Every structure is written in C-alpha cells, then in structure tokens.
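The same chain A turns up in both complexes below, where it pairs with chain B and then with chain C.
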Partner chain A sequence: MNGLSSSRNKAATAGEPGLVAGFLRSRAFWPVLVLLLILMANAFISPGFFEVTIVDGHLFGSLVDVVHRGAPTALVAVGMAVVIGTRGIDLSVGAIIAICGAVMAVLTRDTGFSPAVIMLAVMGTGALCGLWNGVLVAFLGIQPIIATLILMVAGRGIAQMITDGQIVTFHSAFFEALGAGHFAYIPVRVEVALAAVLLLALLLRRTALGLFVEAVGGNAAASRLAGIEARGITVFAYVISGLCAALAGIIIAADIRGADANNAGLWLELDAILSVVIGGASLMGGRFYIGLTVIGALTIQSLTTGILVSGLPPQYNLIVKAAAVLVVLLLQAPRSRALLRARLGGLFGGKRHV
Partner chain B sequence: MLNKTLAGLVLGAGVAFACAQASALTIGFSQIGSESGWRTSETASIKAEAEKRGIDLKFSDAQQKQENQIKALRSFIAQGVDGILLAPVVETGWDQVLKEAKDAKIPVVLVDRGVAADPSLYLTKVASDFAEEGSLAASWLAAHTNGKCDIVELQGTVGSSAAIDRKKGFEAVVSNFPNMKIIRSQSGDFTRAGGKEVMESFLKAENGGKSICALYAHNDDMALGAIQAIKEAGLKPGKDITIISIDGVPDIFKAMADGETNATIELNPHLGGPSFDAINAAKEGKEVPKWIKANGPLYLPDTAAAEYAKRTAK
Partner chain C sequence: MAEPSPAALQGGLLLSGGLRPVQPGGVVLAARGVSKNFPAVRALVAVDFELKAGEIHALLGENGAGKSTLIKVMTGVYERDGGDVVLAGRIIHPAHAGEAQALGISTVYQEVNLIPTLSVAENLMLERQPGRFGFVNWRRLRADARQMLARMGLDIDVSRPLGGFSVAVQQLVAIARAIALNARVLILDEPTASLDREEIDLLFAVMRDLRAAGLGIIFVTHFLDQVYEITDRITVLRNGQLIGTYETAELSQIDLVHHMLGRQLESASHRRKRPATGAPAADLVSVRGLGRRRLMEPLDLEVRAGELVGLAGLLGSGRTETAKLIFGAENADCGEVRVAGAAVDTSSPRRAIRAGFGFCPEDRKVEGIVPELSVRENIILALQARQGWHRPIPRAEQQRLADQMIEALGIATPDSEKPVGQLSGGNQQKCILARWLVSSPRFLILDEPTRGIDVGGHADIITLLRQLCDEGMGLLVASSELEEIVAVADRVAVLRDRRKVAELSGEAVTRAGIIEAIAQ
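Entry: the complex of A and B
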C-alpha cells in the first residue's frame, strides 16, 4: 500500500481508536473483509448458514463445514505459500495427496502396523516427494512449474499403481477419528491442521527460516552472496509442501475411509495457489503470509459450501465461483482499488474539505 | 429310454459342435483402461465369455488414450479379425477409423458407451440405458414410499451422459406422483468425497436432514460418501433416509448388508455375450438393432450379503 492511500485511510477513520485504524491499514484488512463479506452473503442467501447446533456431542452447522472441509485445503495452501515465497510453485500437491492416501490405505489394509508407524511412513512418502521436487528445482535448475508438473502427471499414475486402480477401503479406528471424529466438540482434523499450521508458523517466524525463504525468493543470487544456503532453503520449502500435502492426504483418505487415486486432491493445487494469492502473497516470490493464506483457504471453502447450501443448479457452480473469485482478486489488486477509491473519493470529496 | 438318452447325447454333441463351428472367430477388443472396479470386471467378463465360446480374443488396453484405441483398431483391421469390440474413451473422432473397418467389412460393436458418428459405420451398441436405470430407481422408490417422498439427488459429473439420462429418467417417473418431489439436486462428481461433502450441505440446508425422506445417487460411490455424512449428522442411513443408487459396486452390497442403504441397480458389466451374439448374427446376414440394451437388475438387502461374498471372492 502506498503512502497516499494509507494517509487517506487514516483521514477516513480519524477519531477512531488506533487499533481499528491500524487494522484498516494492515494487509490483513482486505482478505479478512472479503471472507466476512462472503460469509454474510451466504447467510443472506441461506438464512440458516450461521446456525450451529450440537449433534451427537459435536458442533454441527454450515460454519463447521467450512472449517472442516477447509482444513486440508488450508494445510496444502500454507505449504504452497512457503514454496511460492521462494519464487517457486508446486503443482504436484494434488498428486502427492493421492500417493499418500494410497500408501496409507494399502498399509492399513494389508499390514498390522500401528497407526503411528503408518503415519510416519506416509509423512516420509510426502517428504520424499517434496525432496524430489526440491532437487529438480534447486540442484538441476529446472523451472518449478515444469519440475513439479512431472510429479503432478506421474503422481496419480503412481497412486493408481499402489491401489491397483481401485478405491482401497480400510477400517481403522485411529484414522476414522482423524478424518471424521471430534474432540471437545470440534472436528479432530481441524485441530490437527491448526496444530500443524501453528507449528509451521513458529518454525518459520520464530527462527530466521522464514526470512531466508523470503530472501531466496526475492533474489536468490543476492541471498547466496549474503551467506544463505539458497539451494538448501529451496529444497526445504518443497519438503515442507510435501509434508503438508501428506497430512492433507491422510485427512482426505481418512474422511471417506478409502483412497481414491483418481480423485483424491484433484485440482487442489489450484485452490491452494488461489488461497496464497488471496492471502496477499506475490507469485513473484519474496513474501508469504501463513495466517492470511489460511484466511484465503477459508474464503474459497466458504464460497464452495455457500454454493452447495444455496441450492444453485450444479451447472452454475463453477461460473459463480469464478465470478466471486474475480471480484475478490479485483478488490485486492492495487490498481483496481485505486480506481475504486478515486470514484468513491469523488463522491465523498466535498465532505473531506469541510 | 436308452434310445432317448442316446439321441439326446448325439443331439447335444451336434449342437455343441455347431456352436464351436459358428464361433471359431478372432475378435479384437479395444478397452479404455482399468480406471474403475467396474471396468476391470467388464474386461474380465468379456474375456471369460470369449473363452467359453472358444473365441480368440485379442485384447488391447488403451490406458485412457484415444490415439491408442485408434492404433489398436487399425492393427485389428490389418490382422483381418472377424469383428471388433470397442469401448470408446470419448464420443468424437471415430469416423475415419470406423470407415476403415467398414471398408474392410469388419463389424464393430460399441460396448458400454456410444460415439458421435454415422450409425451406419458400426454394427450396434451394447450398453445400458441410463434413463431406464433412473426410471427403475424412481419406480422402486415410489413403491417403497407409497408415492410420498421428499427426495435429494446427488448428480454425477455435470454434462456426462450418465448424469443427464439418470436424472431425466428419474424425473420422468417422479413427475407422475404429485406427493413426490426432488427438493435438492447437486453434483457430487461421481466421487465418494464429492458425495459426502454435498450430502453434508443437504443435511444442513434441510433442517438437519429431518425433512429428507430419500436420497437418489447417480452412482454408488457418491451414496457411500453420503452414508458417512448421514451417520455423522446423527441419523441412520437406510432407515431415517432411504437410499437408492446405481452401479452395483462391491462396497455398496456390504453397506446394504449392514442395513445402511436400501437398493442398488447394477450397471451390467456382462456385455460379452450380447456383443458376440450380434457379430454372429451379422455374419449370418441377420438384421441387428443399433442399440442392444443390456440393463442390470435391481438388488435389495435380502441378497446383499451373498452378492458381496460373490463379488469379493476372487
């Protein structure tokens, strides 16, 4: 935000407490406003949207669905945010979800390993996928979009190979609780995702790692000269993304108690990238915001859930979603915002002079 | 007595001999791939039927690619096979290769899907009628609920022929009953996750599911996802909400045996028999209809456990 616009914001909110003014000027303002607007629109179209009741000892309602369904998207999106921070992109997260779901389902069905061991094996698989991407990008110098495209295409094939092309169903009390269970009224998957996101935020923002990621994304050569192991940081980012996708893959497979290699996480990479962008990050790298990325993921999920609850005929789902996303992105783009402000400024111009 | 038995034996042997003679054919089969359990069992069924009839079946797996299927068809034509079975991966782009087969006087039977080409280019299509499946589902539901029911519908992928016709056939029957209506209809993309997510939203939008009498799902996978959503909303699937779906995948029989769903209509994978019959009929110069309907039966809970055992015993 440039100096001019922030001074205007200040003028508009003069006299209000500093906290509100600070929020209005902060980069969190637009993403949070957009999420609230979409939720309000949902409540307007479907009056019961904000209704939350308790059914069978857990919270039940459309708002709960938003966080429940949004948890895996948010997980994948924060991993994506780290990669985008290094000026990269990870198209393979959907495929990693399919692979990890397949590994988990087959291990649970065919072996007697304890859930903890299986979790470890699946997270290892995700890390390995991320390592593959990271090495292609950092050490072989392949452009990220191409490097991760390889696993995006091949990954579903690998998952189909693991599951033999079938939907592998399994029964495990542990994973069923993880996918669809509740603890203290709240879905377990939401708590797990939240814990993972917090852990990641602590790791990146309480150490210098986050700064290194942004330095590498801003200017890899300069960061190397400044003594940052740029290639190592790049690999680290893809491994984080792989780990996040693995955890999302576990949740998605646990949710339906089965691994669907063809459909699990299909197109989720695009929702993840969109979440990062709605969260205010630049695809040119150099900055990323974990909390706002989660807001971005919840925004997309509120749209999806809102459309489903509204009773809109399904052939309009995608067009309505696309139109809403367009409006969201326009609201966030500095140029269209400046235009909007100029128009509104014309309207309120008289008042300001008084 | 002895004479009769002897005569029977001779007759039987004669018939068997004639059959073997008539069907000592070489037939090429271009399959889409093995992307679903249904397609795997279709392939297995056609192979088994060919073996039973002594047909030399040349099988080609296209791995979801039309160019592989066209290549396979050209190779079948070059080998001079007696007939070709084609499960087309897409509807368009078949005119040229079908014309080549026609010029070589090789009959082509389309199995389980149609193509957008001049019907004179192929012998016949052996496939289920999706609209009839939808009508059968609605008829069963009407009988089961005495023609009084508020229904939610999980549609397949928007624009797919299965989704369009299963919806159309269902609506056609429902419209005959003034007290039956479809209160919500949304696409679950034929997947378990899609079915579960959409069913969750139906339950929220319809008073926690209390105003839903029945669920009609365009395929079993969506129904299986929806069953979980219904359970998580504190209702009993199959009791509080009646469920009918289409396809007949093994897992739906398990759910039915557990009392969690009420009926499924099988999408018949046994298309080998009618296809080979059609080729034989064409060889004998008989007229063959352009669409041989091979609809599967409706299954109810009473046989579900046995059907599940049968389908998972491989």
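Entry: the complex of A and C
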C-alpha cells in the first residue's frame, strides 16, 4: 500500500541502523515532514509564528491557536479514519455536529439537567446518528457515500427543528470552561480531544477491533469467511464516527455558547476526509492511522491559521488551502514520490524499499 | 407457450450481406485449424469445428479446455493466430463482437450482457430505434419489442426495466435481441447456470423452435443431462485441442466424461490406507439433506475424525457450492449439519467456526487473503475472530504463532510483517491454511487447495493434509484434479449436475471409478 515501508510498526525496524533511518522509512515520515514544512512556511511569512507566551495564566500564540482550533477537526478526523478503514466514508459528520450542538443548547437552556447528563445525552445522540448510518450501510447495503449523504442533508434540517430555526444561546459555566477555558496553561478542549483520541486509540489497538476494522475494509468477503461479524464492525465504525462528531459538536457549541444549526461544523467533513488522506490512509480502506490522522488535521489547521495570520485577503484563503492540499497529496502519491526520489537521489533514506 | 411458426421466425433471419443461404444440414459456421496463443499458454491448437444449420451443438470441456477462447475467436473478441473462421462458405475476419453480430453470429453470455436499468423495449431496440429526425417513436418501439418477444412466447410489460425480471426472462430477452439481428448462428454460453427447471424448459422450447427455423446453435453448459436432452452433436475440447465431434445419440456418457477428463493410465494407488482399527470411528460431521434451491440439491455426507473425504465432479457440478453450504457461506434452505451427533447452527461462517469448522476457499484472492494486512495478521485473523474483539491475542503470542506457521509450512516471506498481497499465490494459500491451522478446527473444508500452486508447493500441501488427518482432524477436500482426490481421499462423494450421485470408498476410490460414477 505504501512503498515507503514494509512494516507499519517501527518496532519491527529495530535493529536497522539508526533511529533516524528508521524514521525516514516509516510511514510517519511524509505527514510529519509536510506538517513541519507548513509550520516553517508560516514562520517565514509571519515572523513570530512560533512565539508562545503566557498571557492570563495560559499559553498564547499561533501554535496554540492551531491546536485550539484543530481539536474539533482532529476529533472528527479520527472517527472518519475508522470509517474510511472499513472502505466507507461519513459525509454526515458536519450535520451530526449541528444536531448535537442543537440538542446540547436546547437542553442547557430549557432543562436543569447537570452538564454531565447533558453530555451523555448529546453523545447518545451522536451514537444514534452513527447507528443510523451504520445500519444503512451494513444492513441495507446502501453505498456509504449515499447512505451518509442522507443524514448530511437531513441533519441540518433536524438541527433547525430542534432549535426552532433560531440560534439558541445558553449560559453554563461548565461548558464555557470546556469550550474556551484553560487547565494547566493548556486549552481544556485540546485536553479533552487528546483524551478522547487516546481512548479511541486504546480501544482500537489494545483490542482486536482495529484489526477487524482493517480486515473488513481490506476484504469484507474474506473477513466474513474468517468468522468476523463484518456488519457489526461496520456499524461500530459509524457509531465511533458519530461519537467523535458529537464530542466535536459539544466543543464547538460550548465555544460559541450557542447552537448555530446552519453553520456549526459546516464543511468539516471535508477537512476530516483530507486529514485522513494526508495521514497516509487510502480511501480504498484496509488501513487507518489514528496518530497520523491527527497530524493530518493539524496540517490542515496550520494551513488555515497560517493563511489567516499572513494577512492574505480572506477571499484567497480557500484557494490557497486547496492548492496546498493538492501539493501535499501529490507528495504522498507513490508515483510522484518515486519521481522525487529519482531526482533527489539518496537524499531520503538512501536505498529504495521493495 | 405459444408455438411460433418457423415462417415468422424466418422473417427475422433473412440473410444479409450477400452471404449465400445455407440449407438445413449444411455447415453454417466452421473453424478450420484455428490456433490462439497467449503468453505462456497455447489456448487453442489447430482446432477444427463445424456447426450445421438447424442443429444444437454442445461445446464441452473442463477449465482451460479452450471453449471460451474458441467462441471468442469465432466472434472476433480475440484475433486468431492461425487458421480460418468460415461463415456460410466465406472466410470472415470479424474485428470485434459487433462485427460478428452484423455478420449473423450472436452470442448470449451467462451474465446477460444487456443494460438492467433500461426498459425491456429499449434493450431490445438499442441499435435500431424507430423514429425520425433523431426523435424516437416510443410507441412503435414498444410495439416492435412486444412483437419480438411474442415470437418467443414471452408476454411481459416491455416498458419495465429489464433488471426487474428474473434471470430466465432476461436470458430470453437477450436471445430475442440476438436473433433479431439477422442471426444465423446463436452462441449460448452457459445460459442455464442460474435457471430452475421450469425456466430451463422454457429456454429449451425456444431453442428447439430456433433450430427448426434453421439456426445453428452452439450450447456451452456444464450440465451433462442437458447435453443429452437437447443437443444433436457434441464437440469436446481439452487443453486447447480438439478431442472430437460426436453424434450425441451415439456417445455414451462414460465415453464423454473420459473425453473431457482425458484417459490416463491409472497410477499405482498411492492413496494412504486407513489403518484398520477395528470399529469404524464415529461420524464427526454429518450433513443431512442440506441444499438450496437453484444452487444444490439436498445431499447427505459424513466425515469421520481422521478421515479425508473428497468432493469430485466436473466443473459446475456443485463442489464449491457444497463446501460453502456446509460452512454457512451460502445459506441452505433445507437440511441440517450435525457435529458428533448434535445438531449445530451453521447458518453463517461465524457460527460454523464456533462449531469447530474451517474453510479454505477456492478463490483466495477474492475470499481468502486480506491483502493489506501482514502475514502475521492474516494468520491470526480467524483465531482472533473466534476469541472475540475484547480478548486480543498478545502481540508476542501472535508473533510466535506466525513464526511457527511460516516455519512449518515453509511460507516464503522476508518477515511476518510483509503485506500478504505481495506474496506469491502459493504462499498466500499457505497463509490461509495457516490461518485455519492456528485456530485448530475439528473439521476443515478445503476448496481446490492446490490450485495455482507449483509442483513443490503441491506436494507440501498434500503431505500436510495427510498429517492433519493423522492428528484426528476431519477433512473435506473439493478438487477438480481427480489424481489429487484419488491420492488423498479415504472416501469420495461424487457430484454431478448439482447433485450427489455416488459415494466411493476403499478400493473403489480410483480415477476410473469416479469417472464411471460421474457418467452413470
């Protein structure tokens, strides 16, 4: 799948000469390199990009802004990575964010439930959305892109129904802290997202679920014959994606202290898909990489932030972003890599891998 | 079914293109010394073939015999490397299937080559829509279509999408379209594979009418009964060579099977002899009346512990279907499977695995390997699936199992982390075998365990199968290679036309015995 490395586990390359050579050949090399390049370009365009100061008892600076804004994207992206691992896709995550934000805002405004109960209810809503997608894909056999398109279209309508077409605002100290607060100098939302991603990584890699997801994505028929409950695994993937989107929805709604059914999480599904692809996964399924997907999400956010900080007129934002993403994807393609390697000779790790 | 008059059919069969009409009984299509080479394979070696007008001619042979190559050469799909194709006395060089069709050679494939989303009428009139100035006259189009189908005794709503009809109706529509294009030769490539008996009768009635109308029909099938039911002559190919053309009425079934499989000297029986240990072991797995409509007639089968049972039969006889039914990869609609006397649920592979079954499928690329996963992950997959997601096999244990299997089966891979898709076919097959061995089933089903494997790997796998039997596992091996079955099986179930027709054991397990059973 990826000509760079025959082993996806760096432990297996132990004994190869040197840690650096191992990294050069690992699949993490390109995504990390791309992220560093973009950060460096940012620093070049706007000096002071790397400056981090402590203001009002928390870290402050463009880098902090990148992780701050990138947290919801990264959350949605890791959920997307699991779905893409099963050879699926989830276009509905943006709509799920809107639904979950609406549920959270209405519950907080109209009921006296504790924030914990509200969070549980919102996560349950996200899981339900994922379940819907998963059942359409796994049990009704609808193509993932169509199945999730249904909720993508309907979701914002549902969110508007929940909010009565208004932007619902609320006041909750708990959610304000979650959306915009800081703990130990670091934004709480970043810590929450990080914890969720770690939890997900543990769930997938410390159990056999990750293997089953990849087996189903790599060859569903063979997985079934090997005794894997392929449909259950597919539903699981969409539920995970729904849960990730729900948590992102909570963070986004908490941040603006309200629910905007029309704009919350708008186009976030596309950023999420790009993050997964930049992280080196194939849309053909069969492999997913949680850590590299987070790197991918940070890459996209660095681009966005970089463009904003650079003072470029905002109308160029999307075009520059699109162009940069295209370059990144070309860099990732095995063919252009081979070309690059041929041109650059032994610069990247020397010998070509078989 | 309304009897279409030959005269009415003749209307659609009017000859075109300046070709001489062929009297019934005259040769309408012939291949003379046709050869076709593919890289490393001689697919056809100087094959002669003659189709008469007004006959149904069976074209038979096992896998790789050259049936489809011959058809494709005659219909212009492939360019021939030598010899001539003669249509009504004139040498033709069709450059593609459309040209052959224009000349009057129409082909209907098993997978209907029409467009399921278009209406029946649109499919029928695809090339010649009535109308003017580029506008289609829909009413006339539908009327014409209805008329074409009426000739075949088919009365359906032609404005409905084709995909909504049964396969049989789709086949008939395809035939209607084929003969409407001034056909004089109709080639039917396994048209009956997915039809039930009534639908076959309908198809055969149409074929007989077309024969009466003077068409030459080439009929490719795997069902011997159908060959004897409807064909006038039989041509047998084997390994790209013509074995002979025979009058159906004069060729016995046993001779036919011999022609198809080849007559070889019975090799000294190197079948392992079961040690005579007094009382026969109890049945490990017993299959009772397991079957599914259109797929496989209900069959009984027993496999004892330490016994290797072979599934033999011609191509299309139901070997793979039987294996899949027992493993739950295909849903049975009748019958049951018992393990050690107790009924078990084998309605899905997952449940069959829980009952201690394993299954190495015939097509390892499609149903066996997960190409992106490593050798290690592929090997532990079934064991892990049985243990469940919440009880992961520790990495060290995975490594140990994988290394052990790589060593034991001689899987040629630089390390256990290589994606299995990058290994050779034989090594992939060994990985699938390893997957089941580490999950230690009681009963292992293997479908074509040695297909596409080189000679060395072949011997390795045969040795391994015997070892597994000696360790007490029950094995069911489906194979198209009679020699292989004779070499390893204690008992052989013989299949024919999706039905179990015989069971041979002990000294009766010979090549000749199996062939006789197939042909009886």
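Some notes on this structure:
Everything that follows uses one rule, which is that the second predicted complex is superposed on the first by the 328 of 354 C-alpha atoms of A that agree within 3 Å, B and C clash if a C-alpha of one lies under 4 Å from a C-alpha of the other, contacts with A are read in each partner's own complex, and residues count from 1 in each chain.
By definition in this document, contacts are C-beta pairs under 8 Å (C-beta built on N, C-alpha and C of every residue); 3 or more make two chains touch, one makes a residue touch a chain.
The model shown is predicted, which means the values in this text are computed figures rather than measured ones.
Residue contacts after overlaying the shared chain place A:106 against neither chain B nor chain C.
Of the two partners chain B and chain C, more chain A residues are in touch with B. Of the two partner chains placed by the overlay, only chain B lies in contact with A:46; chain C stays clear of it. Within the superposed three-chain model, A:56 lies in touch with chain B and out of touch with chain C [touch as defined at top]. Residue contacts after overlaying the shared chain place A:223 against chain C, while chain B stays out of touching range.
When the two structures are aligned on the shared chain, A:317 is found in touch with chain B, with no touch to chain C. Once the two complexes are overlaid on the shared chain, A:215 sits against chain C while remaining clear of chain B. Residue contacts after overlaying the shared chain place A:305 against chain B, while chain C stays out of touching range.
Within chain A, no residue touches chain B in one complex and chain C in the other.
Within the complex formed with chain C, the residues of chain A that make contact are 1, 6-9, 12, 206-209, 211-212, 214-215, 218-219, 221-229, 286-287.
Within the complex formed with chain A, the chain C residues making contact are 327, 329, 348-350, 353-354, 359, 361, 366-374, 377, 381-382, 384-393, 414-415, 417-419, 435.
Within the complex formed with chain B, the residues of chain A that make contact are 46, 48, 53, 55-56, 60-62, 65, 69, 160, 165-167, 169, 180, 252, 255-258, 260, 262-264, 305, 308-309, 311-315, 317. Chain B meets chain A in the complex at residues 34-37, 40, 155, 158-159, 184-187, 189, 191-194, 196-198, 200-201, 204-205, 208, 221, 224-225, 228, 232-234, 251.
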